[in-house]
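In what follows, chain A forms one complex with chain B and a second complex with chain C.
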Partner chain A sequence: MLQLKMAKQEEKTKNKSFDLVIIGGGPAGLTAGIYAGRARIKTAIIEEMIAGGQSATTEHLENYPGFKNGVGGVELAMMMEEQAKKFGTEVIYDSVVSAKLEGEEKEIHLASSVIKAKSVIIATGATPRRIKAEGSEKFHGKGISYCATCDGALFRDKKIVIVGAGNSAIEEGIFMQRFSDDITFVQDLPYLTAEKILQERIKSYPKTKFYLGAIVKSINGNDKVESVTIKVAKDGSEIDIPADGVFVYIGYSPKTGFFGKELKLNEQGYIPTDENLKTNLDGVYAAGDVRVKDFRQVITAAADGAIAAHSVEKYLENK
Partner chain B sequence: MALLSNEDREYLKGLFTGMKRDVNIMLFTTEEKNFCSFCNDIKEILEELKSLSDKIKTHEYSFEKDKSIADEYSVKRGPALVLKADKDLGIKYYGIPAGYEFSSLVEDIVDIGNDTISVDESLVEKVKSIDVPVHLQVFVTHTCPYCPPAVRTAHKFAMLNENIKADMIDSNTFYEYANSYGVQGVPRVVINEKHHFEGALPEEEYLKQILNAIM
Partner chain C sequence: MAVVKVYSTPTCPWCVRAKQYLSSKNIAYTDINVAVDRNAAMEMVKKSGQQGVPVIEIDGNIIVGFDQARIDSLLGLS
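Coming up: the complex of A and B.
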């Protein structure tokens, strides 16, 4: 069915000061916005692109409770956004340049203005981790993609290599079947890491090939990608796989680059929190994929959002 | 079947309220059936938009039969949408502005209708000072959330300077055409045929790419 999507910018906000600013409009930020709005906390969500974050590039979510036939990543995010706005939360479409998070009054520097907040929830999420192999810089955006929903249609009937075999990799591999049945997975671990139901489904496509326990050594070609060379761990042998496109799903990097040293991060850049999702700074909380945790899902992000908003409510009450 | 929910329709009505000049949307259909498989959907979108504001006017042409008008607006293929105020602003959509690109279309309409320039103030003069022809082709897919900003920036630059022409091109509809430019990731912005960059760059970087290309 024909879909029309739009980022709905409310009347240019006159408010430059909020009780709570949520950075990031993915499932964590939007859920925090719903809870904070209902707690009558004056709240703004800052989103640089469109509601949904990474979930907006997920074609179809099958494991979010309540939708037995699944729900589109974007559709779910847009419903969450409407819900947050309904309870009075503002959504500002702008990008965050830097933030001053110490002290009673926090400052969020946007591309076009500065807004002040008594508390902050960081829900900036994570971006796909870039592949590091010979040729990976050269072919970035020219055959190497991190978004099958964006670029998949450009590879009709082409030879596809998908790096990774976790949930995202397999889901996108299933999505890509509508464009091509020549799909090869390469995964460093010697087994698939996706949910069993996804494993069953991808194996139902008979032409799909798997190289497990192998790493990508180089991505080769002149003007465009022609092949991927992999190295098999167990015997050190190298195999050349013909490929027109390489889709990469090898994990994520947190979006915490624009925060200063005052915010404590772990070695990978994720934000450690306590069980109430407080960071090392008073009045600053983290929710969703950006924080240190084991299981990054839409539902765990949403749960984080609820908890963080609840913690903010208590923090503001005690001030 | 209505394309927009009542909520969305009310939102758009509000957004279009107070527009001070007419926004003319010219649709060029084509007899090439492969390309026009979405033409009825485009018409439906335009009908919806027209019903939301009396400032939005739509006009339908045939790329083949109304050749002289197509030429006048430098329309190279169909289906195409040309957005203009009284005069041509150099803003086009090749293919259907659906999915995420509906956002671009709506924002373009608001800018044209209000006669506002939403380019960052510090860049306006630099964009206006470009005195050679610049053709921006922004290749997108409808399922790419990163693409509308790339389209919008191109269209905003075109609104500012009549030397700049900016097209959105749906890589799905115009697959072969996209292929001929070697498009393998979207958004890809092609500048004057020869130069290109990938990704939705911020306005300032975007402008730098254009300035480098015309040096």
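Coming up: the complex of A and C.
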């Protein structure tokens, strides 16, 4: 029995080795996996959640070319995953604990095993930035959510405050209309930052309210969220908005926390790359939302994935 | 056999991941879609204090989110 257990353990921790390990199975990582598979590079993608990453929480993508009626975020991701697998890329569902990226042989430490690689593409993406206001820790997961697509149904017929007015905020605001028509947006800038077509669409819901040029000062309540206090920048006045749920879309933080100091990051934690998407380390590339760039979209992530895989192919050929 | 319940919504990626993980370990579970079952949604909020999914219940123990280490420990998976 003990022997069997030990054998099982050994099998689990048995090291695997690849020519390329892609960390992150969002649009960038999956596209890199498609291109690398077709280049006959022995490739693994490591994904902690499900294929698609952030894009899997987007209910409907309307701007991805080729889908004139739009495509579901999860649906597109699943198709990309199947496509990558078809060309021989392996997908491993596990979390990365740490990584050794310097030198010829890279090591990716997972929860239960170590994977070796000749090259790495970092496509870990970003997570929603947490709101910092009085009460925000107390009500995290207890009325404050970062994913209306996930948790929206728990707030049926409730009063909703959405913080932010960029694409994600407005898209999720439109999604939330199916559960509630009492939706108030609070945005620090004095204007909406979402695409014009999304602005038009949210404004077609007559009951939707907007407080622009205002910040969230506190989220209040005893056992559950009861209101949000905002401060208007123009005159310093404070307004209390009754609320049961608060959905937050105030930008993203890159997922680069588990990398060591050898990998160069900018002040916000994003990875700077050259035009071939190489990082400061040989054999290590970055693609998608995790790298320093202006425009973070599914299509720009996919494009990054293709470029990074192409760069890896050249790197491996020249070794 | 442990009694396992997963409170989830169909549009939540971490819920999908949690269910995939349980299936990959051959663990039988009841999937409760709180997007349609309002009573179950209230039950989940009451039990967990959470207004977010997934919430996983294993023999009466509540796990908030996809916490693989806690799932493994409650189910005796190594």
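Points to keep in mind about this one:
Heads up, the rule we're going with is that the second predicted complex is superposed on the first by the 304 of 319 C-alpha atoms of A that agree within 3 Å, B and C clash if a C-alpha of one lies under 4 Å from a C-alpha of the other, contacts with A are read in each partner's own complex, and residues count from 1 in each chain.
Methods note: contacts are C-beta pairs under 8 Å (C-beta built on N, C-alpha and C of every residue); 3 or more make two chains touch, one makes a residue touch a chain.
What you see is a predicted model, and the numbers here were worked out from it, not measured in a lab.
After superposition on chain A, the partners chain B and chain C are seen to clash. By the touch criterion defined above, A:Glu82 reaches chain B but does not reach chain C. Once the two complexes are laid over each other on the shared chain, residue contacts for A:Thr57 go to chain B and to chain C alike. With both complexes placed on chain A, chain A has more residues touched by B than by the other of chain B and chain C.
Of the two partner chains placed by superposition, chain B and chain C are both touched by A:Ala153. None of the stretches 5-13, 23-31, 59-67 or 185-193 of chain B clash with chain C in the superposition except 185-193.
Residue overlap on chain A between the chain B contacts of one complex and the chain C contacts of the other covers 5, 8, 49-50, 52, 56-57, 59, 74, 95, 111, 141-143, 145, 147, 149-156, 224, 245. Those residues of chain C that touch chain A in the complex are listed here as 9, 11-17, 20-21, 34-36, 38, 41, 45, 49-53, 64, 66, 68, 78.
The touching residues of chain A, when paired with chain B in their complex, are 2-8, 49-50, 52, 56-57, 59, 74, 82, 95, 111-112, 140-145, 147, 149-156, 223-225, 245.
Listing the residues of chain B that touch chain A in their complex gives 3-4, 7-8, 11, 41, 44-45, 98-100, 102-103, 106, 120, 141-149, 171-172, 175, 178, 182-186, 188, 198-199, 202.
Chain A contributes residues 5, 8-9, 48-50, 52, 56-57, 59, 74, 93, 95, 111, 141-143, 145, 147, 149-156, 224, 245 to its touches with chain C in the complex.
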